[in-house]
Amino acid sequence: MSTERFDRGWERLKEINSEAGERITETLREIAPDLAKYTIEFPFGDIYSRPGLDLKSREIVTVAALTALGNAIPQLKSHINAALNVGCTKEEIVEIIMQMAVYAGFPAALNGMYAAKEVFRERDLSK
Amino acid sequence: MSTERFDRGWERLKEINSEAGERITETLREIAPDLAKYTIEFPFGDIYSRPGLDLKSREIVTVAALTALGNAIPQLKSHINAALNVGCTKEEIVEIIMQMAVYAGFPAALNGMYAAKEVFRERDLSK
Amino acid sequence: MSTERFDRGWERLKEINSEAGERITETLREIAPDLAKYTIEFPFGDIYSRPGLDLKSREIVTVAALTALGNAIPQLKSHINAALNVGCTKEEIVEIIMQMAVYAGFPAALNGMYAAKEVFRERDLSK
Amino acid sequence: MSTERFDRGWERLKEINSEAGERITETLREIAPDLAKYTIEFPFGDIYSRPGLDLKSREIVTVAALTALGNAIPQLKSHINAALNVGCTKEEIVEIIMQMAVYAGFPAALNGMYAAKEVFRERDLSK
Amino acid sequence: MSTERFDRGWERLKEINSEAGERITETLREIAPDLAKYTIEFPFGDIYSRPGLDLKSREIVTVAALTALGNAIPQLKSHINAALNVGCTKEEIVEIIMQMAVYAGFPAALNGMYAAKEVFRERDLSK
Amino acid sequence: MSTERFDRGWERLKEINSEAGERITETLREIAPDLAKYTIEFPFGDIYSRPGLDLKSREIVTVAALTALGNAIPQLKSHINAALNVGCTKEEIVEIIMQMAVYAGFPAALNGMYAAKEVFRERDLSK
C-alpha cells in the first residue's frame, strides 16, 4: 500500500541510513506495521524531504535533539550513523554532543558521547 | 576579576547576541554574579570558541536542543536571535523547529514556532 | 493545496475541537503554514482517524501524556476541551490528571489540575 | 504493619498485575521496605481504588504517560501487562503507544512499541 | 474527614510553608479536593515526616529536583520559601541552584535562579 | 595541558570518587579528551570547589537531581558512591531517593532505588 510520500521517504531514508528503514520495518512488521509506515512517511517523506535546510544540517539538528532529550539512545546511534553518511565529520559530531553539556547537562553529553564512541568503533570494525 | 576565558567568552557572546550577555550579568548581579561569570566562561569562552564547528552550526544545534527540551522558552528566544545574527535565515530556523515535531512531538514544535514568531516580529518592529 | 489526509484531519479536528484547527492555522499562516498543515494531517488525519481506539479514549491518552510531560500547558488546555467535547466528564478528567501524581509527580498533577480548572471555568462562563 | 489502605492497594494490584506487587516488595525488602509499602498504598490503595474512572481507562492513562515520559521502560512493560489483564486488547495498546508519536515524538513511540512487543511475546510464550 | 496522616502532614506543612497548604486546599476546593488531601497526606504526612533526613536536607533535595526538572516554577518558588523557613540560607539556595547547571544545563539553572530572585525580593518586601 | 582549575577539580573529584575521574578520562581519551577536561574543570574545579555548601550537601543535591531526571543511571550510581564517600549514610540516600516519588513520580524513585541497591551491593562485595 505504497504512496508517493512513502516512496519519497524510503528513498530519503536509504540515502541517509539504508539499514535503519529495513530494521524498523522488520521489527514492527507484526506488531505495528502502520507505525513503520508513518515513520517513513512523516519524518522522511515530509520533513527530511523539504528544501530549506540541507540534509547535513538536518542530521546535526537531530543528533543535538536526541542527545539533549537523553531517552532514546538507539535512535541517537542511528542518527550519528546517518550524520556521518551525509557528510558530517566525526569531529563535528563530537562538537555537537559536547555542546549539549551546556543545555542539557554533563550527564546527557557524556551519555551521548559514549553512544558516538560505540558508533565510531562499529564503523571502524566494519570497514 | 576578569580572566582569559571570560574575555574570550564575552567577545564571542557579543558577536552572537550583544544584549544577552549584559542582560544576564545585570539580572544576576546581586543574587549570583558567579553564575553570570560561569555562563560567559564555559558556554561561550570554552564551547562556542572551539574550532571544529562553525558558529552558525552551533546556533542550529542550540535552537534544536532548546525546542526539544521545551522548558526554557526565554533562552530559546535568545538563541533564535543569536542564530539570525550569525547567518541563519528565518527559513532555516523554521525548518529546524518544524523538524522537532518528529523527535519531541508536535506541542514542542508548535511552542518553539510561537517563540520564533515573537522573535521575528520583535526584530521587524525594531528595524 | 488540500489533500485527502488533510480533509480527513480537518473534519476530525472540527469534531474534537472546532476552534483549535482555525487557531493553529491562523497563528502559523505567515511563519510556517506547512507546520499547520502537518498538524492537521498526521495527528488528526492519520492517528485520530484510525479505528482501534475510540475518540474518547484517544483524548484520555492525550490528556494523560500532556499532563505527565508538563511542558505544553496550552496544548493540554486545548485537549481538556477536546476531551469534554467528545464525551469525557469533568470527573473523568480530574481522575486522569490526579493519577499523574503517581507517574510524573505531584507538581505535574497540580499544574495539570490548575489548567483543567481554567478550562472548566471558561466553559462555564461561555455557556 | 498492614493498614486498610495497604490491604486495599494490595487487592487492587493483585487484580491488575499479581506478580508486580510481590516483585517490588521482594526487591525493596532490605533496602527500602517503606517505599514498597508506599507504592502499594498511594498508587493502588488511594488512586487506582477511586471510583470515577474504570480500571481499564486507568491503565490506558498509565501506558500513555510512561510511553511519553520514556524513562521508565520496566514500569511501562509492567503496565502493558496490567492493561492486558484488565481488558485492553493488544490492538488498543498498539494504538495508545502509536499516538504518542504525536505528543512525545517518534523515538518515544518506537521505544514504547518495542517494549510492547517484548511483553506480547513473553505472554505468548508463557501460555 | 481528617485522618492521622492528614493531620501530621498539615502540621508538617505549616512548619515548612504555612501559606502553601491553605493555598493548595483553597485552589483545589471545588475541582479536586482529594488531590489537595493527597498532597498533604503523602508528601508531608508520609515523606517529610520520616526520620532519617532532617527537614533542611529535605528542602535542599526538593529545590534541587524542581530546578533540574524545570517544569514546575510555582512549586519551585514555594519550596525556596520553605527552604528558607527551615534554616537554609540564601547563599545555600544560590549554591544548590547553581550546581544544577552541571546536571540539567545552564538554562535550567538560570531559570531556577530567576525564581529564587523573585522569592528573595518578595520576602524582603514583606518584611 | 593542566590548569589551576583542572588541578583543583581533579583533587576535588579524587576526594569524592577516586575512580570516576580516571574512568571518564580513560573512556573519552581518544574520542573527546576535551570533554573529560571540561568535566573535571567546570563541575569539580568550579562548582564543587565553591564554599557556601558543604560537600555532603552537594552530593545530596546531585543524587536528588539525577534520580528526578531519570535519564542518567550510570552517573546516578557514580554519585551515590560519591555521596557515601563524603559522609552520607545509606539511610540518608534511601530517604533522598524515596522523596523523589513526590516530585518526579514513583517510577523515577523506584529506578533510583534499584540503582542504589546495586551500588550498596557492589560496595559490600568489595569490602
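Which chain is which? They are A, B, C, D, E and F, in the order written, and residues in each are numbered from 1.
Definition applied: a contact is a pair of C-beta atoms (placed from the backbone, for glycine too) under 8 Å apart; a residue touches a chain by one contact, two chains touch by 3 or more.
Fair warning: this is a prediction, and the values are worked out from it, not measured in the lab.
Participant: Show me the overlap between the contact partners of subunit D and those of subunit F.
Facilitator: For subunit D paired with subunit F, the chains in contact with each are A, B, C, E, in label order.
Participant: When subunit E touches subunit F, do the two copies use mostly the same residue numbers, with over half shared, or different ones?
Facilitator: Mostly the same residues.
Participant: Would you identify the chain whose Cα-based centre sits farthest away from the centre of subunit D?
Facilitator: Result for the farthest chain: B.
Participant: Taking mean CA positions as centres, which chain lies farthest from subunit A?
Facilitator: The most remote chain is E.
Participant: Name whichever of A-F and B-D has more C-beta pairs touching across its two chains.
Facilitator: It is A-F, judged by the count of C-beta pairs in contact.
Participant: Which of these, E-F, D-E or D-F, makes the same contacts as B-C in over half of the contact pairs?
Facilitator: Repeat interface, by the over-half criterion: D-F.
Participant: Roughly how many whole angstrom separate the Cα centroids of subunit A and subunit B?
Facilitator: The answer is 24 Å.
Participant: What is the distance, in whole Å, between the centres of subunit C and subunit E, each centre taken as the mean of its C-alpha atoms?
Facilitator: Averaging C-alpha atoms per chain gives centres 30 Å apart.
Participant: Between subunit C and subunit F, tell me the centre distance in angstrom, where each centre is the average of that chain's C-alpha atoms.
Facilitator: Computed from C-alpha means, the inter-chain centre distance equals 40 Å.
Participant: What are the residues of subunit C that contact at least two other chains?
Facilitator: 34, 38, 42-43, 50, 66, 69, 71-72, 94, 98, 101-108
Participant: Taking the touch rule as given, give the residues of subunit F at its contact with subunit E in the complex, in rising order.
Facilitator: 42-43, 47-48, 50, 52-53, 57-58, 60-62, 64-69, 72, 91-92, 94-96, 98-104
Participant: Under the definition above, what is the set of subunit A residues touching subunit F in their complex?
Facilitator: For subunit A paired with subunit F, touching residues are 70-71, 94, 97-98, 101, 105-111, 113-114, 116-117, 120.
Participant: In the complex, go through subunit A and note every residue touching subunit D.
Facilitator: 24, 27-28, 31-32, 34-35, 38-39, 42-43, 66, 69, 71-72, 74-75
Participant: Name, in rising order, each residue of subunit C that touches subunit A in their complex.
Facilitator: Those in contact with subunit A are residues 34, 38, 42, 46, 50.
Participant: Quick one: which bits of subunit D touch subunit B in the complex? Just the residue numbers, please.
Facilitator: Touch residues, subunit D against subunit B: 101-108.
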